[in-house]
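What follows is a short report on a single structure.
Labels for the chains are A, B, C and D, by order of writing; each one numbers its residues from 1.
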């Protein structure tokens, strides 16, 4: 059964106001910018964003006023530093106040892993002595029932929807992801529903030819969106490189609320689709980011 | 740095008397029979065996008197039923008594997963109301500090050595495993040391061409053994099929201690190496088990 | 049309699978039941295997174990065992199949040992994934040979929890499962070589739902270690259709599992 | 030979890596330090990256982020983030690198916020993997710009625990880490634009180990928010060798991270 939808339709149906949304889960690569921009265009409100190190997509969603709460390890601009919209929201409640439940990369991964195992929590010794457990009310400090030693209990976290950008998927949501994995699989397994955004839609046989590379169970997938270059300016291994300059420009232009609004008008609100975005980016820039040298994985035989 | 060793040398160095050894971790396929047979030939004693559903390799090691304790979810002959040596050891202390700490497939996986995360335990709701937690003294029943609900706490389990049979490895222990995975990765990450037994030794570049398929960090690998057909009679995807008949013969012949001893003399003690074992098996049987139809994974491009 | 007891058991098992369901498939007969359901009334069911596999098509060859090569090829996902049991722990698996050496009137299963815990008379292989499936699936289907020493008033060891036992804190059944902390589930059906039982969730007791053609309530009672309670609509088991038998025999042409 | 402050910091960082060690590599300067150590005195060191990577060779191109495509190619393993941080939680990583916006005399780092917790004056990006590395690595190396407002008597928020604080239960230092339950570790070194500090594990206090050429103890004190304690063998930082500079400039020819 095909789950192919346009990005507009996928976001309309499966990312309602108030939803908790996990995205940007591979850390720097494969960030679903196209999905985030559509969320902004549809004016979604009161979202909870879940992620590890999150790059400027979180900053954009915050600046556009879509976000009520952040459950993440880091919010900013990975190659440039601070995220201006995040600072304005948390320091000045501009455009609105947001709640932050700070995690580390490990604890956000453990929270999703716990949900994926049906475990109410996973205990760790990370972050003991840090102020993070004192500021994040979801954590609990307790003694180990085995030896009485101090532990931090990280409770399971179940996103309403996880959005994953992948290299290829079939129409049913059986998807291959490779390269940097971050906490993508944990977030897919933990989620109630999953939106797959794929560079390529391929026949089912391409996916089932290599079931070990599948990221998770397609029965969780509610929508498959075919969106080439949908992760730009982040990288997609085997498809395009990271556009470092784009992050730099964003950082420079969004220092003021007015600058952010202009950037948003230019790159999100003023464009209806990812096709328009790519046309604006232009073929020269695409060419510069494209694959220069193919590096194919060694053959693997599943035969018998 | 090459870690290539003969099986004899790898077992001599890294599986001492009294060690806890995880093996047979992919469930039915990729069982390191060659390693187990060498353990028997070297007369290793007082081992603790760790595994999920374990097939007849556990039964053989028990029958040969190598084992003091079992931490596993199931011990027998997967396609035939009971394991006769396991029964004799647990019912009649023949050839010696063994301690059994029974797990389920989930709890043995969680125990290794906990160790791999440096977590002292992982809580679960599986097995509540079962007698397994009452019989296995390593489990603890406790209330959730979050909501007071009953939980089973599965403590971390760290094998001294995990033995994995894989399709291919480089000399340093960077290894590709595909097909059925079971709890192989959890057991590799949890272990103090790892012995890799590989169908093929390949150049490092073959492995690094596909880093997502690597099973775990090679710094944990203490020995790499090149042992083609080392998993027979279990299957290795892409190399050979399961030899169901062999399991049937084992089941039939080992009903009595004498029958087991004859079988052991014939297939283990009377053969010095895996090469002799394969010669005894014969080319016709190898041919019948070999790959009839190759099924290659779809190409994957890591280029940029 | 002639059929074997095991063929009928496969048919009864397949009928437990509803279309679109996610099914935790066990070894042997459930492998065939999944294939049969898939090709008849439940084309959209999905099979999950504890070796770490998800499939929405049956394997193209007979399987001796769920880790056999033909079960990997065509799988939708091949991953870690704890990933797939984790999905079940999170409540996402509707139906699970298990077998057992012994069962009692409350659906508690024993696959661990017979006799004394410390010095058992018979040591059985253990849980495998059985205790997990019994604990975590939304519904449990149990498949067993029907012999009086296997269907007992009370098992020596509860490997896979059914509906527990009445105790000072309350009755067996769903209430018991809640008491001990199990998140959901419980036996929905017990399929034997002679009969099909369902369960009363409020008391946890097995109810004779149907007796197989050629058997009878009396014969079932004779081979059952507890006094039977009948389901209100207890009747003869509906025999396999020719179509069902045809599919089973395609899947297991030499009767490896069904003869 | 001329060099920039950041080049010297990379050299100091690389010198912390011993041959054969497993190093949790952070962003920016540690990426270069790993490459430098690998090509000079520590050819057998292994780099672990929180995006889920293990490498024993530096990437063949300059990295802007650790998830960049050149860092994947040639990796020994590309896996989940929690798998690699899990190795560190299990005690298998000898050395970790992190940066910070603020640090105090006990090596506690703040990358979360400045000012009031509820209404911060400056909201910083947060922990990332920093708090995990500070908690779980066997030794911690910290790299920061040296400015008086960054090296404070006490930070506003402890994101990444160093040696804590003296309190009614005992001193700062290793004893504090044991008190709060951290399994190991603690800051081994703080490398700044002006100096290198080591730490006294019994008191947890930073000790000025060396001041960079062109700087002085007085200048370091001026830019440090606590009264300096000197290591017994405090001296000038050994400058980069021409070979070290050559390698750094090969890795970062345009000075993206080192200018």
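Operating definition for what follows: a residue touches a chain if its C-beta (ideal position, glycine included) is under 8 Å from a C-beta of that chain, and two chains touch if they have at least 3 such contacts.
Note that the structure is predicted; figures quoted are calculated from it, not measured.
Chemist: Name whichever of A-C and A-D has more C-beta pairs touching across its two chains.
Modeler: Pair with the higher count of C-beta contacts: A-D.
Chemist: Among the chains, which has its CA centre at the largest distance from subunit B's?
Modeler: D
Chemist: Taking B-C as the reference interface, which entry in B-D, A-C or A-D shares over half of its contact pairs by residue number?
Modeler: A-D
Chemist: So, what's the distance in Å between the C-alpha centres of subunit D and subunit A?
Modeler: Centres of subunit A and subunit D (C-alpha means) sit 27 Å apart.
Chemist: Nearest whole angstrom, what separates the Cα centre of subunit A from the Cα centre of subunit B?
Modeler: Computed from C-alpha means, the inter-chain centre distance equals 37 Å.
Chemist: Please tell me the distance, in whole Å, between the geometric centres of subunit B and subunit D computed from their C-alpha atoms.
Modeler: So the centroids are 40 Å from each other.
Chemist: Mark out which residues of subunit C touch at least two other chains, giving numbers and ranges.
Modeler: 53, 69, 72-73, 78-79, 82, 86, 89, 136, 183
Chemist: So which stretches of subunit B touch two or more other chains?
Modeler: Within subunit B, residues 110, 113, 117-119, 124-125, 149, 151, 178-179, 181, 185, 207, 212, 235, 237, 241, 295, 302-304 contact more than one other chain.
Chemist: Answer with line, ring, star, complete or other to describe the graph linking chains that touch.
Modeler: Graph shape here is other: it fits none of the named patterns.
Chemist: Hey, which chains are touching each other here?
Modeler: All chain pairs meeting the touch criterion are A-B, A-C, A-D, B-C, B-D.
Chemist: Mind listing the subunit B positions that touch subunit A in their complex?
Modeler: Residues in contact with subunit A: 110, 113, 117-125, 140, 142, 144-147, 149, 151, 153, 155, 167, 176, 178-179, 181, 202, 206-207, 209-210, 212-213, 235, 237-238, 240-241, 291-304.
Chemist: So in the complex, the part of subunit C that touches subunit A is made up of which residues?
Modeler: Within the complex, subunit C contacts subunit A at residues 22, 44, 46, 53-54, 69-70, 72-79, 82-83, 86-92, 136, 183.
Chemist: Contact residues on subunit B for subunit C in the complex?
Modeler: For subunit B paired with subunit C, touching residues are 26-29, 52-53, 72-76, 78-79, 81-83, 86-87, 90-91, 100, 102-107, 109-110, 113, 124-132, 135, 149-151, 178-186, 235, 237, 241-242, 244, 295.
Chemist: Residue numbers of subunit A touching subunit C in their complex, please.
Modeler: Answer in residue numbers: 1, 115-119, 174, 185, 189, 207-208, 211-212, 214, 216-220, 302-304.
Chemist: What part of subunit C is in contact with subunit B in the complex they form?
Modeler: Checking each residue of subunit C against subunit B gives 27, 50-53, 64-69, 72-73, 78-82, 85-86, 89, 112-113, 117, 119-132, 134-136, 157-161, 164, 176-177, 180-183.
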